[in-house]
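Below are two complexes that have subunit A in common, paired first with subunit B and then with subunit C.
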Partner chain A sequence: MKRLQYLFLLLAAILFGACEKDNFDGPTAGLSGRLIDADTKELLQQDIVRGSTIEIVEHGYDPVRPQYLIVKNDGTYENSMLFENMYTVRPVRGNFVTPEPIDIRISGKTVQDFNVTPYLRIQDLNISKQGNLVVATFRLQQNVIGNVQKIGIYVDKDPRVGEPMRLGQKEQTLNAAADPNTVYRLEYNPDEFKAQMPLGKSYYFRVGALMSLTEAKPNYAPTVKLDI
Partner chain B sequence: MKKVCLILAAVVLAAGISCSKKSTGGNPPPTPDPPEVPEAVYDETGCLYTSYKGLVMAGYQGWFAAEGDASERGWYHYRNGNCGGFMPGCAAVDFWPDMTEYTKKYPSPFSFADGGNAPLYSPYDEETVDLHFKWMKDYGIDGVFMQRFVVEIKNENAKGKRHFNKVLENALKAAKKYSRAICVMYDLSGCTSADVAYLEQDWEELQRTFSLFDNKTNPTYLRHNKKPLVVIWGVGFNDNRKYTIADADQLVTRLKGPSKKVSVMLGVPYYWRTMRNDTENSPALHALIKKSDIIMPWAVGRYGNDNYANVAGAELAGDIQWCNNNKVDYVPLAFPGFSWGNLRNDPSLYNSIPRMKGEFLWKQVAGAKMSGAKSLYLAMFDEIDEGTALFKCARQNEVPLNGNGGRQFVGIENDLPSDHYLWLSGQAAKWFHGESGYSATLPVR
Partner chain C sequence: MLFSCQGILDIKPTDKIPAEVLFGDPEGVKIYMANLYYQLPIEDFAYFRAGFNQNGGDPNNGGFSAAMLTEEAMHTEFGDFFGDGDFQWWDQGYKLIRDVNLLIDAIPALDILEEEKSALTGESNFIKAFAYFALAKRYGGVPLIKATQKYEGSAEPLKVPRSTEKETWDYVLELCDVAATNLGTAKGRRANKYTALALKSRAALHAASLAKFGSRATVSGDAVTQKLVGLEASAAAGYYAACIQASQAIITDGAYSLFRPNPATPAEAAENYRLLFQNPNDAPDEVILIKGYNLPGANLGHNYDIWYQPAQVANGWPHPGRMNPTLEMVDLYESYAAPGQSAPVVTTVDGNVTDYGGYDPSKNYLRFDTPNEIFKDKDARLWGTAILPGTTWKGTNIVIQAGYVKPDGQAVIRIKDQITVGANTYYTYGAPSTTMYSGFDTYGGNNTRTGFSFKKFMNQNSPIVPGWNQSTTDWAEFRYAEVLLNFAEAVVESGTGDATAAAKALNDIRRRAGHTVNIPLTADNVQRERRVELAFENKRFWDLIRRREYHTVFNNRVMHTLLPLQDLRALPATKYIFVRVQVPNSNPRTFELKAYYRSIPGIGANGLVQNPQY
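== the complex of A and B ==
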């Protein structure tokens, strides 16, 4: 029994010895930036849930697991807890044509913007109340080859409304290339969703369109606040 | 002690003087910066095409010759050396031109089912090239790139050089007459490093012979970025060519010169950006592309109707984004289909990429347009060897017989007019010119 106690003591000593605090510095650097529509120079709107990400791969380790930074609704991103080093950085899994990766040294507060081409642009948007309905009309400018899977108008109490975060919605399946000559129209009926969103209050409306491409995220027009 | 100090001071002073003398007298004087060469400026008064932007242009082979024409090259490019020449059962061409409107025709060794002879044309004849440019105007194609194969225009190939010069002469005249854009496009296929260097000599000669850059003599010669444009096709392919990207880089540097005499468009492989498949994996290619003004990736044979969206969808928008970021203009290519069963002596290669009555061509036009392309290259106006011709070709039930050994000619779909692909090309041009009413849906005539 005594022998066993010694054994435990020895093991504990080894384990606690191994847990001795290392002498590495904590992360001191940060990376932030914006996703900018290369043509309109506007920030490229995203989803706060399942939205686009910025992939960063730190140099000097092999193999190394990529880290992913979340892009916020307004198209900006920031991570202030990175180790100072060289990184390969690029936006991925988004609603835009993936740009070439770039190698940058992240130190202090590094800023890196990306000019990207959105898969779709929602143009000439008009959202208005017509009788009991909220009607959205718009054109689609398609910037990549393929089909538009669906268009939709999304409604929520939260201004970060989008396809994955909505209390109410009206979607239309297209499965066809966007027709530049067509004015698309979506009719949202607030009565259908009054259980979640009682009438007589203000809500946020956002029109989106999704390309039928692997890992594509919807493209959006700016959010509009309406009383219903 | 004072004496020692004085001696030391004298020694130091002497050393200093001797050093300063050495530095001024022994070293060569610093080389002055070379005088800045002023950038070439061209009078573009009266020039109709000062940019490729907004244009839809086609490649023009012009390499055919007919037995009996003045080129004395026999059935050049109609014949197939691998099966014995030009006779029923042996030809280099799959499509057969619709000869209805040609005024100068040559009887060929081929006949129609009714026994009548099936004649052919030669672009060595002025009236024939005139007809082709008239069609361009009639259907609204902006113009053509005149192919100039470097291995065929060397001094030791006198007939070849004479042929391509005569066809170019015909074309320049017709381009002016019909107000169509025209541009010289060198093809480096088959070249050695020395041949690539020879191109510069030929280019200088062409400018002198045809007054290419004279805005009055050739008001439709294509310009871009305020300079006449010249195209170098075949840079960066990984098919064991005998010239290198460095050869092409040197050529581009020399063609532009210190005064930036010309703008350069490069014909590059389809996967140039990711440097895989058909492309040499060399960063020198991207460095060269950044020195050029336009690139045109070669898409013929890289996809068909069924996989176009997958293949081009992954490349086109990324290519254009890369070019925008690097300030290089980008011109995608579209082709109506592909067929080279006779050229390759393999009947399984007839209609290897079917035309689908224009659906395939229009899919690429719409894909280019929606990906943000501003201009388009159509391959090709008169390429019947590989069956990409856009000009008037015989329909399937009108082509001549081609022996009894399973060989045939390929025709345009029977229920279409022979000018269908010219018309469709003109529709593409209208869309790129900014006319409304076009979409991914094939236009109806």
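== the complex of A and C ==
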């Protein structure tokens, strides 16, 4: 009997023990930064879901699966749980001309900003309530060759509103290059969406425009809060 | 060493049959072949997100089918959409390809007649084509293992890089041609010449659509620059021509025709359509390949009846009613009064069908005598596909009611309630207890939340057996109607081929559904006809993929419900009104571009180029 107990003890020691070699250190480094409009020096507005991403490829592995960092609505990004190493970093699939990748060593709290050229700029924006409607007027400045697929005003209860995240919207298909002399006008009717967004409350409005380019994301003006 | 053992270590395993014995006997080949057919990636009653043949082990996946990722249906509870790991078929695909390559190696040495060898060659190539088609539509260009690989001490030579998507599709069509040339025309449960041609028709149309519509959704990455995904627009013409050629070969040979092509009434057409799927064996004229479910039991029967029949006929099974055809689907069906266009269900006097704002006492609703009078003139196939409120199924009146409007004009909707007016008591769900209705009560997730239940493929003849894998309805994988629709689409999208014959193909299918007016051959007419005729046959999913429509059709998309309400303001008359609303408790869903291709598993080991954005 005694021997059996020793056996069990030995077994337990083997099963529940662990080699020290297994215990790698956790990630210690982090990368953060901003997407900045190269001309206006303002932060470049983004989507919180299905928006622009920062692709980072860790060196020293082949094949290696790229990691993608999400950019917040205001154009900032951060991942504070990365392993210290050399990485190739590049913003991809965004609403801007994709910049050249850069190789950086991520250690500690590394900060890396990117100056990028947005596909489109939304200028002279005015969003106001006119009667029952919410009317947005704006101009478009186009910085790349191609067509603007659509423009739209997006509405949600959440301030992180955008094309992919909205309860209500009014879109207009353009499929044409932006005309710098045109004042674009969108009329949003809150009545159409009162099932999701009852009248008499305040909601977040954001105007966006999408280029018809591979994997392009919409460009935005800052969000406006309005009572309807 | 003075002694050595002789052969004592070369023991033959007693639980395995050596290849030469199995393939040396035609009967062994037959058994082997049966296994290959079982492995075929047929998207049938056992096809779910986790893959094929989900009718063994633990088949409990909530009954969440591929149709619920399209506009065809909603699940009673789940609001899921695409997951990266869904609908994968990689390891199993290459296992099947290896198995069939081994058979192809063995055929020349078999002691059988030449025509039997030819038939085996044809069948093997059909199976291989089917497998590569299933891979190509999921992953784009894939490694083409054209002959058996031999392991000679190192794994590296066995790693084959991906071919381009173009090469992969061309290989699929090439295999179909080899199969069609070698196969005979005898009908049965095994592939014949026409099965191979039907596969070619389907695959060529898929490839042609990818080429034509690829520019609607462009992505970037290594896989794109190396052409592992994506086809040039210029390839479309050749693939459409291949589809036309294969479809026409089936049509002109006349070996198949539509099942009961000339019904006298829409009611007869609806019943014919239902019968075609309740037992495809009764329609040998139309059905080109059947996958059989002969016996109840794990890996034999399937679970469509327990998951999808309405709650009232559950017969003790605790989880029925999961398939909820959407209002979008019901709207799509034409009215015999206005052929050639979909006929959205009109609920109000003003005819507004885009108002989903809910019940409003000030709105002027149309009143109906029964809960299904509103669908009166709709295409017979609606009646054969969905169980509509207040229709009879298995001798039971299926009660689907969302609430009532009280005599004072206030509505009670989707709340269990009752009201006594005069001598009668009325119930919101149309009946007092959960066993007596099939709609809108969230009890158990058993009642439809769209206002419609499911009929197509359901077995009406026998009560539900409340257990796993008890359904034995057979699945029609290829049927003549699909070939006609492929043909019509290829002609209209390519602008080539015999447009008169294509229009006839389209209108023949409509006549079988009780239509009497011919409609012109247009791209829209073909797509609507296809969605209606092939509804719930797991075709819509791939139509959205191949035509690159998924990301526009599903961009913040919500589905809709038709709420049948009893209008107690009309008492003593029994009257119903209907309200169009968003599906209760559902969220918008968006298709991401990357989901046009599935992610390739195991790239760390196999060294393949991953698909974009994974």
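In this section, the second predicted complex is superposed on the first by the 206 of 228 C-alpha atoms of A that agree within 3 Å, B and C clash if a C-alpha of one lies under 4 Å from a C-alpha of the other, contacts with A are read in each partner's own complex, and residues count from 1 in each chain.
Quick note on the criterion: a contact is a pair of C-beta atoms (placed from the backbone, for glycine too) under 8 Å apart; a residue touches a chain by one contact, two chains touch by 3 or more.
It should be emphasised that the depicted structure is a prediction, and the values quoted were computed from it without experimental measurement.
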item: Clash or fit (per the criteria above) of subunit B with subunit C on subunit A; value: fit
item: Comparing the two partners subunit B and subunit C, which touches a greater set of residues in subunit A; value: B
item: Which of subunit B and subunit C A:L226 touches, first, second, both or neither; value: neither
item: Partner chain(s) touched by A:Q142 [first = subunit B, second = subunit C, both, neither]; value: first
item: Touched partner set for A:M197, first subunit B, second subunit C, both or neither; value: neither
item: Touching partner for A:V116 - first (subunit B), second (subunit C), both, neither; value: first
item: Partner chain(s) touched by A:R93 [first = subunit B, second = subunit C, both, neither]; value: second
item: Which superposed partner A:A178 touches (first subunit B, second subunit C, both, neither); value: first
item: Subunit B and subunit C, minimum CA distance [Å, superposed model]; value: 12
item: Touching both subunit B and subunit C, residues of subunit A; value: none
item: Residue ranges of subunit C touching subunit A (in the complex, touch as defined); value: 218-220, 356-358, 556, 581-582, 590, 592-593, 603-604, 607, 610, 613
item: Residue numbers on subunit A that touch subunit B, as the complex places them; value: 38, 97-100, 115-117, 142-146, 176-181, 213
item: In the complex with subunit C, residue positions of subunit A that touch it; value: 50, 63, 65, 92-93, 164, 166, 169, 194-196, 214-215
item: Residue numbers on subunit B that touch subunit A, as the complex places them; value: 308-309, 312-313, 316-318, 320-322, 324-325, 366-367, 370-372, 436-441
